[in-house]
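In the two complexes below, chain A is the common chain; its partner is chain B in one and chain C in the other.
So, the complex of A and B:
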């Protein structure tokens, strides 16, 4: 039993916050402009000074050496070493696309549940063979989405706690957070630490 | 503990087409909205798409598609067979036998539909034998 990740979306369909815990398949970093600023440092596009320097012409993997006999010999060098973390991520989706897929799924399921029930009924969760997704939607249109192990029971109460506690304290009541700005996420140190403490304290975490 | 509705749908050209749909006694009393057959077709197509996406969103390893989808008062149980046919059952949240019922439906489908020489694959199921098997399994349908 464990908890994998948390996404928060605002009413403009944009992902404004992301955090993960026991994910083995990490998403790739989002492309430039793919997500808002201040969503999560772990998945934001690399800043210009953080980008790995591009190899110059002098470190090209192939060196041509001209021998005295007039033959041209090509010597291959070791391929450039790939960052192991980035390499492990290569089989998965970039974060911006993953966030859109998650939003698409919850929106479609929400509409399907409303249509089938014929009243204003909320979609709460779905389960596959390896994980379970929980949704809690606030009146203001914020959607809290949590991915957990398939064996866990309903976790909407946790999402509600996150909304009632950390979210109200460190986002809504924080004058430095631009809510509804459509350019800025809601990530800040206190919010992240507070959610981390709350989630790690759960009995289903581990 | 009521069973509302049963759908069977089959993959046709990678789009989920609905081949069988039937509502049961529970659905009118306290349950779900009555939809037109066209609306059921649209929902079945949507469900097919969602099912494919949910298997890609797995945070660990490879995953199946969604198996159970829950609302506040009902749940949708999905059985995906090896051949790509999906059986979907809409029940109340407390219904614990949905998976077993779907296995039985699959058996009935194999016996009464796939062994029927007059059945055209990928087409809607119009078979009295299958209807009778479902009736004995779940209960009387609604007109």
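So, the complex of A and C:
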């Protein structure tokens, strides 16, 4: 039972934050102008002189599960874990396209659910054979998306905890974060650290 | 025996403490800094325009040219740019401190209404460290040092207004931007002391977030 990654989207349909804990393949960096500035150090485009931005202390140790072929053959009986939005030809998408794909999926599912059942129904979660996607949407239009393995249920509550705790404290009440700007994400040190602490402290995190 | 007038009188004599919601205060201060940034830019632009007009009319000597292309003057042009942004910061900072002085003075009037007079400046500083800090920021000052000649250094290891400041560009950038957000608290302290009768200066300094020190210089004759 484990948690793979977290995406946060704002009401302008842009990805404003990304963090991951377990991924088989490193996300490919976004192209220039693909994603906003302050989304995540690990997936921002490289600066023109080729210097990578200084890594935050909380990039996950991806080599726990990484391999060159993208498949993990674990020691136990678990089936191989695949990156959920991996391209069919097993070449990784750049991060901005991956983020747009995830957003497209949740937007279409959300609209479909609302059309089928009325405006009070909310799409919360879907499950495939290898992963489960949980969605928590706030009234202000922020969408918290978390991917976990297929057996984990009830992460919507965790997303709500992330909203009530780290998000309110270090994004809304942080004078240096421009919320609702269309040019910048919401990444910052304290936010990343507190989400990391919260997620690693969960019982479903292995 | 009529209980109604008695309770009304007691509320008048001993009014309940009025409180401000902490979160609301945070949001307000964030927006206040942004609004003051815009207004101080407008004021600076207006002053500059008046200067240019007066220079054109011959009433003032012309201002020194702002941009020069020689390599020798490349230093001066960069300092010109840096000075521009420093002036702008200074404009916001002085406005924030002025607001803080008003707030601090009026606030301390209410806090001191039941107290006796202050015996000396150390007494006033101790009042600031304990009561003012508790009323404004929910804790007391962590460390007070003095050289007994009018200079006091107050240190707070987790100063509330800057406790949440964090930037995606790293610690150094966050520290630089945080300097603006301690101008209002410095003004509150200065205004409070000034209303009690001790007119001095308060200089805030941030070494590492969220630790902040305030250096207070009071005149020596008290």
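Assume the second predicted complex is superposed on the first by the 163 of 206 C-alpha atoms of A that agree within 3 Å, B and C clash if a C-alpha of one lies under 4 Å from a C-alpha of the other, contacts with A are read in each partner's own complex, and residues count from 1 in each chain.
In the analysis below, contacts are C-beta pairs under 8 Å (C-beta built on N, C-alpha and C of every residue); 3 or more make two chains touch, one makes a residue touch a chain.
Given the structure is predicted, the values throughout are model-derived calculations rather than measurements.
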Next item on the list: Answer with first, second, both or neither: which of chain B and chain C does A:4 touch in the superposed model?
Entry: first
Check: Touch check for A:102: first (chain B), second (chain C), both, or neither?
Finding: first
Notebook entry, point to check: By residue count, is chain A touched more by chain B or by chain C?
Noted result: B
Next item on the list: With the two complexes superposed on chain A, say which partner A:169 touches: chain B (first), chain C (second), both, or neither.
Entry: second
Next item on the list: Could you look at A:185 and tell me whether it touches chain B, chain C, both or neither (first, second, both, neither)?
Entry: second
Next item on the list: Could you tell me if A:37 is touching chain B, chain C, both of them or neither one (first, second, both, neither)?
Entry: second
Next item on the list: Report for A:125: first if it touches chain B alone, second if chain C alone, otherwise both or neither.
Entry: first
Item checked: Touching residues (chain side chain C, partner chain A) in the complex -> 23, 26-27, 29-30, 33, 164-171, 174, 177, 181
Check: In their shared complex, at which residues does chain B touch chain A?
Finding: 32-35, 39, 43, 46-47, 49-50, 53-74, 76, 90
Check: In their shared complex, at which residues does chain A touch chain B?
Finding: 4-5, 20, 22-25, 93, 98, 101-102, 104-105, 108-109, 112-113, 115-119, 121-131, 133, 147
Next item on the list: Under the touch definition given earlier, write down the residues of chain A that touch chain C in their complex.
Entry: 37-38, 41, 54, 169-170, 172-176, 185, 187-191
